[in-house]
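Note that the chains take the letters A, B and C in the order they are written out, and that residue 1 is the start of every chain.
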Amino acid sequence: MSWTLALEAGLAALVLGVAVWTLSVRQTFAAVVAFVVYGLALTLVWVRLSALDVALTEAAIGSGLTGVLLLGAAARLRATEADAVAERPGAGVRAAAAALAALVALALAAAVLYLPEPAHTLAPAAMAELPATGMRNAVTGVLMAYRAADTLLEKVVVLISLIGVWSLAQDKLWGGRPGLLHHADPDGALAFLARRLPPVGIVAGIYIAWLGADQPGGAFPGGTIIAAMWLLAMMAGVTDAPPISRRWLRLVLVAGPAVFLAVGFSGFFTAGAFLAYPVAYAKALIVVIEVGMVLTIAATLGLLMAGPPERSDKP
Amino acid sequence: MTSVTLFGLLGALLVGLGLFGLLVHPHPLRKILSFNLLGGGVFLLFGVVARRGAGAGLGGDPVPQALVITGLVVAFAATALAVVLLLRLFQESGSATLRTDAPAGKDAGGAADH
Amino acid sequence: MSTPDGFLLVLMLTAPVVGLLIAFVLGGRNAERVALLTMPVGLIIAVTIAVALWRSDAALVYVLGGWAPPLGIVLRADGLSAAMLVTVAVVICATGLFARAEFRTPEAVPEARAPFSFWILLLSVWAAMNMVFLGGDLFNLYVALELLTFAAVPLVCLDGRAETFRAALRYLVFALFGSLLYLLGVALLYGAYGTLDIAMLAAVVRPEPVTWVAGALMTVGLLAKTALFPLHLWLPPAHAGAPAPASAVLSALVVKGSFFILVRLWFDVMPAVPGEAGAQLLGALGAAAILVSSVVALRQARLKLLIAYSTLAQIGYLFLMFPLAFDTGSGQLVSGVALTGGMLQAISHATAKAAMFMTAGLMYQALGHDRIAELGGVARALPMTVFAFGLAGVSLIGLPPSGGFLAKWLLLTAAVGGGQWWWVAVILIGGLLSAGYIFKVLAQAVGAPNVALTLRAPVPRHREAIALVLALLSVLLGLVALGPIDLLQIARPGLALVHSQ
C-alpha cells in the first residue's frame, strides 16, 4: 500500500468516524459541530478526487453556510431535546432500520465495485467542445453551456425556496426585515471583523467567480463568499437585513435567472437555439450571465440564512 | 484497492449511515442532519464516477462534478426551508415533534376543525 | 436534431417562469394579475403542442443550446407529455380562477403574505410540472422534482397553523428522502452507461445488477413522493390541511409529477429490467393502496380527509398499469392499452379531484366546518356545489361515460386479455368502495339538517361554476375514446434518438 493510499484511507476513516459521531452523539448541538467537521473532511476528499470546483462549493455551501444555519437552529431548539429523547423508537424499529440501511449500503458497495471498466466518460467530448464556449474550465463549461438549462432551473429552485421561507412568516410581519436584530458590541471583535473583512471577502468572491472561467471557481463559490460577508456584517449589527418588500431587493434576487433567460432567448436569434451562444461572443455572454448569478446567489443565500421576516418594517 | 474504490465504498457507507439516521432519529433537526450526511454520500458517489472518468487532460469527468455542484446548492436550499419550517413549528406549537398526535397550536380548539 | 416546432417546448417551459419572475418583482396585487395573465398563455401553448403532435404524429424534440446528448440536454414531447401538459394547464387555470376570491390582496395593504406566496408558488408548480413532462434527461428531471417539492410544501402550510406546519415538515422530509434516493440511482446509471439522456439510456440499458440497484432506488424514491402505500402517511394531513385551491393542485397535479417520472423510467428507460416480479410487486402495492385507503376513507369524519384518502386510493389504480402492461412474451413493459388506461386515470383523477377539493372548500366556507355528519341541508343551500361533488364522484367511482370509467375499462380489458384475473377483482372492489364513501357524503349532504342551516358566508356562483365545469370535464372525458385518445400513444415506443456529431 502506497503512502498516498494510506493517507486517503486515514481520511476516509476520519470522515466515517465523524459521520458516526454525528449520528450517535446525544446533544444535537454537538452533532452539528461534528457535521461541520464532516463537511471539512469531505472537502479534503474532493481535493483528493481532483474535483476542486466541488471542493470549493462543498467548503463554502455544504459545510460553511449549512453548518452555520444548523448551529443557529440547534441553539434555538435546545428546549426540544428532552421530548425527542422520550420519543426514541424501540429496539425493533431500530433493528429494522439498521437492516434496511445495511442492505442499501451493501447494494451500493456492490454497484461501485461492479462499475464497468473502462469507465464511460464525457471528458473527451467536453474538452473537444470547450473552445466553442470560450471557457477553459470544463466544469464551468458544463454548468454554463452544455447543461445550462440545469443551472437556469436551479436558480429558479433556489428563488422558490426563498419565497417558501418568506411565506412561513407571520401575517403581520410580512414585508418586514428578516432575522432578529443583532446587537454586537461596537468595539468588540465581531464588529471589528465585520468592518474589516467584508471588503476583502467581496473582492475575493468576485475574483473566484471571475476565475471560474479558466480555473476552479465560478459563480457559486464566489457568490457564497460574498453572501458570507454580508451575513457577517448582519450578525455583527454593522448592517441590517433589508425589508423583503423593497423593489431593489426583488430585482437583485431575479437578476440571475432573468439575465440567464434573456441571454437564452437571444440565442434563438444569434445562434439558432435557446441557450446557445454564438462562438465569437460566448465568453462575453457567459460572463454577463455570471455577473447576474453572483449577485443573485449572494443575495439569495444570505437571505435564506436570515430567514423569514421577523421584524415589522412599520414604525 | 485503489483510492477511487476506497472513496466509493466510503460513499456507500455514508449513504447507509445517513439513511439509518433519517429513519431512527425522532427529532426533525437530527433528521435534517442525517439527510445532509446521506446527501454527502450520494455526491461522493458522483465524485467517484467522475474520477474514474479522468481523461483528455482532465482529472475527472466534468459532467458529474457539475451535477454535484448543482446538487449541493439545491441541498442547501432544502435544508434552509426545512430548518425555517421546523423553527416556525416550534414557535407555533412549542414542540418540535412530527408525531400526528402532538399538542395543537397555541390558538387551537375551534380552529382544529379545518 | 430539433424538430421545427420544438421551440414550442421552450415556450411551454419558460412561460410560467417568466410569469413568476415578473410577479415576484411587481409584487402585491400585481402578482395575482400576472399569474392570471400567464394562465391563458400557457394553456394556448399546451394546446398548440398537442395539436402539433397530433398533426405530425411524431415526437417534438428540442436540443437545448444546440448541445446534443450525451453532453447536452434535450426536451422531448410525446403523446403522454402533451396530454399531461394540457391537463395541468386546464387544472391550473381553473384553480387560478377559483382561488381569486380566496387569495385576494386586501385593500389596506400593498402586499399580503398568503396571496403573494400562493400565486407565485402556483406558477412554480406549473413550471415544475412542465419540466417533468418535457425533460429528456434524468438529472434535469431531478431538478424539476426539487422545484416541485419546494413549491408544494409551503402551499400546505399557507394558513400558518401548527398542524399544517407539522404536516408540511413531514411532507418535506419524505420528499427529500425520495429525491436523494432518486439521485443515487442517477449516479449509478451515469456510472454504468455514461449518459443520462432517456432515449440514449433506452438503447444501452441492460438488465444487470447496477441497473437493478439503480432502478430499485429510484423507484422507492419516486414512490415516496407519489405517496404509494406504504410510504403514504404524509399525504392525508398535508392535502387536507392546505387551503382548498392548494389541496386541489396538490392532489390533482403534484403527485402525478413523480408518477410521470416513474412511468418514464419503467416504460422508456428500462422496460426490460424490472421483470414480471417487479411489475407485479408494484401492482400489489397499488392494490393495497386502493383497498386499504378506500376503507380508511369510509371511516373519516371530516370531508377533506376523506377526499385525501380517496386520492391515495386513486393513486393505487395508477400502479395497476405496471403489471398489466407487462408482456410475458418479450419480458418487458409495452406501451399499449394498459398504459393508455393508466394515464387516462391520472388525467381524469386530476380534473375530478381538483373539482372535489374545490367543492369541499366551498362547503367549508359556507358552513365553517367540514364534518361529514353535520353536512345536512347543504344540498339545498348549495345545489350546484353538491352536484359538482357528485359528478366528480361519478368519475372517481368509474361510471360511464366518465374518464374514470374509460380508464378502468381499459385496465379491465388489459387484465382480462392478459389473464391476470386478480386485478379485475381489485378494480371492481375498489369501485364499490369508492361508491361507498362518495354516497356517504352525498347522503349526508342531501339529508335534512338537524338544526336550520344558516350559511356563514355567501358562496359566489362563479366559484361553484368553476368546480362544476371541472367535474363535467372529468365526466365527459370518457368520450375521448371516440378519437383523441390516440394522442396518448403518439411517438411511443421508439424514442427519437438525438446523436451528437
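Following the convention adopted for this analysis, contacts are C-beta pairs under 8 Å (C-beta built on N, C-alpha and C of every residue); 3 or more make two chains touch, one makes a residue touch a chain.
The shown structure was predicted, so the numbers you read here are calculated from the model rather than taken from an experiment.
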Which of A-C and A-B has more C-beta pairs touching across its chains: A-B
Identity of the chain that, by mean CA position, is farthest from chain A: C
Chain centre separation in whole Å, for chain C relative to chain B (CA means): 25
Separation of mean Cα positions, chain C and chain A [Å, integer]: 31
Length of the line joining the C-alpha centres of chain A and chain B, rounded to whole Å: 13
Overlap residues in chain C, where contacts from two or more other chains coincide: 71, 139, 143, 146, 150, 153-154, 157, 160, 165, 184, 188, 190-191, 194
Numbers and ranges of chain B residues touching at least 2 other chains: 15, 45, 48-49, 52-53, 63, 67, 70, 74, 77-78, 81, 85-86, 88, 97
Shared interface positions of chain A, touching two or more other chains: 104, 108, 112, 115, 119-122, 126, 146-147, 150, 154, 157, 161, 164, 168
In the complex with chain B, residue positions of chain A that touch it: 4-5, 8-9, 12, 15-16, 19-20, 22-23, 28, 31-32, 35, 38-39, 42, 45-46, 48-51, 53-54, 57-58, 61-62, 65-66, 69-70, 73-74, 76-77, 80-81, 83-84, 87-89, 93-94, 97-98, 100-102, 104-106, 108-109, 112-113, 115, 119-124, 126-128, 138-139, 141-143, 146-147, 150-151, 154, 157-158, 161-162, 164-165, 168, 218, 220, 301, 304-305, 307-308
Touching residues on chain C, where the partner in the complex is chain B: 71, 139, 143, 146, 149-150, 153-154, 157, 159-163, 165-166, 168-170, 172-173, 176-177, 179-180, 183-184, 186-188, 190-191, 194, 237, 240-241, 302, 304, 364, 369-371
Chain A-facing residues of chain B, complex: 1-21, 23-27, 29-30, 32-34, 36-37, 40, 43-45, 47-63, 65-70, 72-81, 83-88, 90, 95-97, 99
Chain C residues touching chain A - in the complex, by the definition given at the top: 2, 7, 10, 14, 17-18, 20-21, 24-25, 27, 62-67, 70-73, 109-114, 116-117, 120-121, 124, 127, 131, 139-140, 143-144, 146-147, 150-151, 153-154, 157-158, 160, 165, 184, 188, 190-195, 209-210, 213-214, 216-217, 500
Residues of chain B defined as touching chain C within the complex: 15, 22, 28, 31, 35, 38-39, 42, 45-46, 48-49, 52-53, 63-64, 67, 70-71, 74, 77-78, 81-82, 85-86, 88-89, 92-93, 97-98, 100, 102, 104-106, 108, 111-114
